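Common to both upcoming complexes is chain A, partnered first by chain B, then by chain C.
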Partner chain A sequence: MDPKIKMDALYVPSSDVVAREIEGELILVPITSGIGDLEDELFTLNETGRDIWDKLDGKRSPRAIAAELAAEYSAVPGEIEEDVRGLLEELLKRRIVVEGGGR
Partner chain B sequence: MSKAAADKPGLRVVRGGELSLSGESLLALLEAVLAKGVPFRFRARGFSMSPLIKDGDVLTVAPCGETRLRPGDAVAFISPLNGKPIVHRIICLDRGFVVVKGDNVAEPDDLVPERDILGIVTSVEREGKKVRFGLGAEKRLIAFFSSRGFFEKLLSVARRIFRPATQRRGR
Partner chain C sequence: MWARKGPRLGRLDLELTERCNNNCIHCYINLPTNDEKARGRELSAEWIKSVLREAADLGCLTVRFTGGEPLLRPDFEEIYLAARNLGMGVVLFTNACLLTPALADLLKRVPPLRKIEVSVYGMKRASYERVSRAKGSFKAAWRGIRLLQERGIPFIVKGALLPPNREERPDFENWASTIPWMAGRPSYSMFYDLHCRRDRKKSRSIACLRLDPKEAVRELAGDARKREGLMEFVSKFSGARGNDLFTCGAGLGSACLDAYGTLYPCIMLRSPEVAYDLRNGSLKEALDGYFPRLRKIKASRPEYQARCARCFLKGLCEQCPARSWIEHGCLDSPVEYFCDVAHVLARELGLLGPGEKGWEVADGKKRVAGRTNPAKKRNPHGRADKECPGT
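Right after this comes the complex of A and B.
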């Protein structure tokens, strides 16, 4: 079963992921079995995904991130919340983010 | 500024082999992964270490850590010439500097400060199989012969012998 996001919890990028901006794109390299493998699956985020990623600082909940983005994007908050939830669930499923924070 | 027209947030999954990375980009990822103290696996490009490391071989480079560098080690380093990552073999070390050279190159590279050595090649894979020759005890001999241009001469002879018949007829 896919993990569910708690909209008031805190999430941070996993320490087992290397994120680097490469040629205008954020590339995420998971450290799998103790190795950073460029021949294996890597991940990239589009610009909107990048905006969410940048806010995953362990201080802002998904709901707070969605509220900030709703203001920035002039969008309906409910819609943005669903987008944030969807992306974070995907990231959590792949262990790119983990629950935790307060840093 | 409004971002009303922004796309839905998306995560794209790519196979590393599908990415066409510049030398600078590869260096950024290599450094970032090694800085975490874990090895980095990637596809090598170029012919300067042929025939022991060929174009398209998959290399694993481990952080140097406490490992003492030795002649014969194949290492990834930052080229003093253009700042790009290169994998060549250590010929000798002297007072914080390293002389490195591609097995298939006539001249050594410029002196490389030891701190610019990013990591040591610990594994070479070709078509899914491990290639061990060149990483064991024999590497010191390879470095010795390489420093004397042995491989370059050998390859030059091999090229003459095995030159395609069409080229030989065209002489």
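Right after this comes the complex of A and C.
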């Protein structure tokens, strides 16, 4: 079963992933096995995804991130929360983010 | 991913050593394992890591480790991990002989993200070692391949069509088809580039191994599917190349660093005329300044201008500045062997009539279009329509 995101927990990028900014795109490159399907498995994030990624500092919960982005985008918080949840569940499933924080 | 603009450096080829544990009869580069002079000149791991860091800053996502045999370097693991920790995928060209359980475990734990490319020289000890000229190499290679298989590390195999192993081709292909990461049949070396440092003795013996052009054409265009693929390719890359020397992608977002710190626009090219001393420069300067200047060089040799510059068969011909230099010591000379292969191939595809030369055809693109577009299909040499690959 796919992991579920807890909206009040803390998440950080896995140390087994390198985030590279190339020509304005953020590319996530797995370092160790077990992330994605391994072969040619690079992930790119769109603009919203990147904004979420940048806030994954282990100090802000998904709910707090969504609230900040809703204010920045002048958007409805509920919609942004769904975007944050969707992306983080995808990243958690692939072990690109892990639960943890306080750093 | 790079629809608008690519990274400054898409791929870096790193030739970690020119030395090899094998001494293959067809190899264009290898030096003996114990060549102390070569070993002494090789770049240090620290220096290579600094190049990798600059490559990563320039957006490089893929590094190819080649040689010689890259696994000969005792610091291979350190260099490999440096590339992977910088977020690069690694293509490893190897004969697999020097793979150890520990290294295979590392490749499992920290995967290269690209398939390892293993060159296989024979299915039997006798054939393999007649090619590799290294006692024990057959057993070592198959042990290395087993280490990859046991761990499920993605790899593909490549062959070389050579007199000692040609009869084993069906066995090789049957076995290759069981490798889950193979996308179709294995690719083969068959044209064999002469020695890249212009070692005349080695070049002479390599030349003897090349397939006869007619035989090469049977390999390349032996059935309708192959001919169709070739015609599709030719339709994209036909037309005279003119006096521009570099009509390929050499130096455009890629580069090759040799084992001693000299950077070239392509993995094949070793001419001092196009060498960039990276020990006294930077990848950025080479990519932004030196390579673009090289790409403006024009061919000036009359023979090239009379033939290659006007020939519409560029999509079928392997002639390039690298091969010109390897064969003749200059960047702009026709290479007779590749010219012969291209012409035999063009006749097979119905693009040339008997005795006709590619540079004599004024409307080459039109002729190619006539053979590839069924709506405009023409038959310039009176061949039966059923032979046209487009049908």
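Operating definition for what follows: the second predicted complex is superposed on the first by the 96 of 103 C-alpha atoms of A that agree within 3 Å, B and C clash if a C-alpha of one lies under 4 Å from a C-alpha of the other, contacts with A are read in each partner's own complex, and residues count from 1 in each chain.
Heads up, the rule we're going with is that a residue touches a chain if its C-beta (ideal position, glycine included) is under 8 Å from a C-beta of that chain, and two chains touch if they have at least 3 such contacts.
Being a predicted model, the structure only gives us computed values, none of them experimental.
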item	value
Touching partner for A:52 - first (chain B), second (chain C), both, neither	first
Touched partner set for A:83, first chain B, second chain C, both or neither	first
Chain B versus chain C as contact partner of A:42, first or second or both or neither	both
First (chain B), second (chain C), both or neither touched by A:75	first
Which of chain B and chain C A:9 touches, first, second, both or neither	neither
More chain A residues in contact - chain B or chain C	B
Which superposed partner A:30 touches (first chain B, second chain C, both, neither)	second
Shared chain A surface residues [contacts with chain B and with chain C]	18, 20, 22-23, 27, 29, 31, 38-42, 44
Contacting residues of chain A [partner chain C, same complex]	18-20, 22-23, 25, 27, 29-33, 38-42, 44
Chain B-facing residues of chain A, complex	18, 20, 22-23, 27, 29, 31, 34-49, 51-52, 72-75, 83-84, 86-87, 90-91, 94
Residue numbers on chain B that touch chain A, as the complex places them	2-4, 6-17, 19, 21-22, 25, 28-29, 32-33, 36, 38-43, 58, 60
Parts of chain C lying in touch with chain A, wherever the complex brings them together	1-2, 4-7, 56, 59, 61, 84-89, 108-111, 113-115, 154, 181
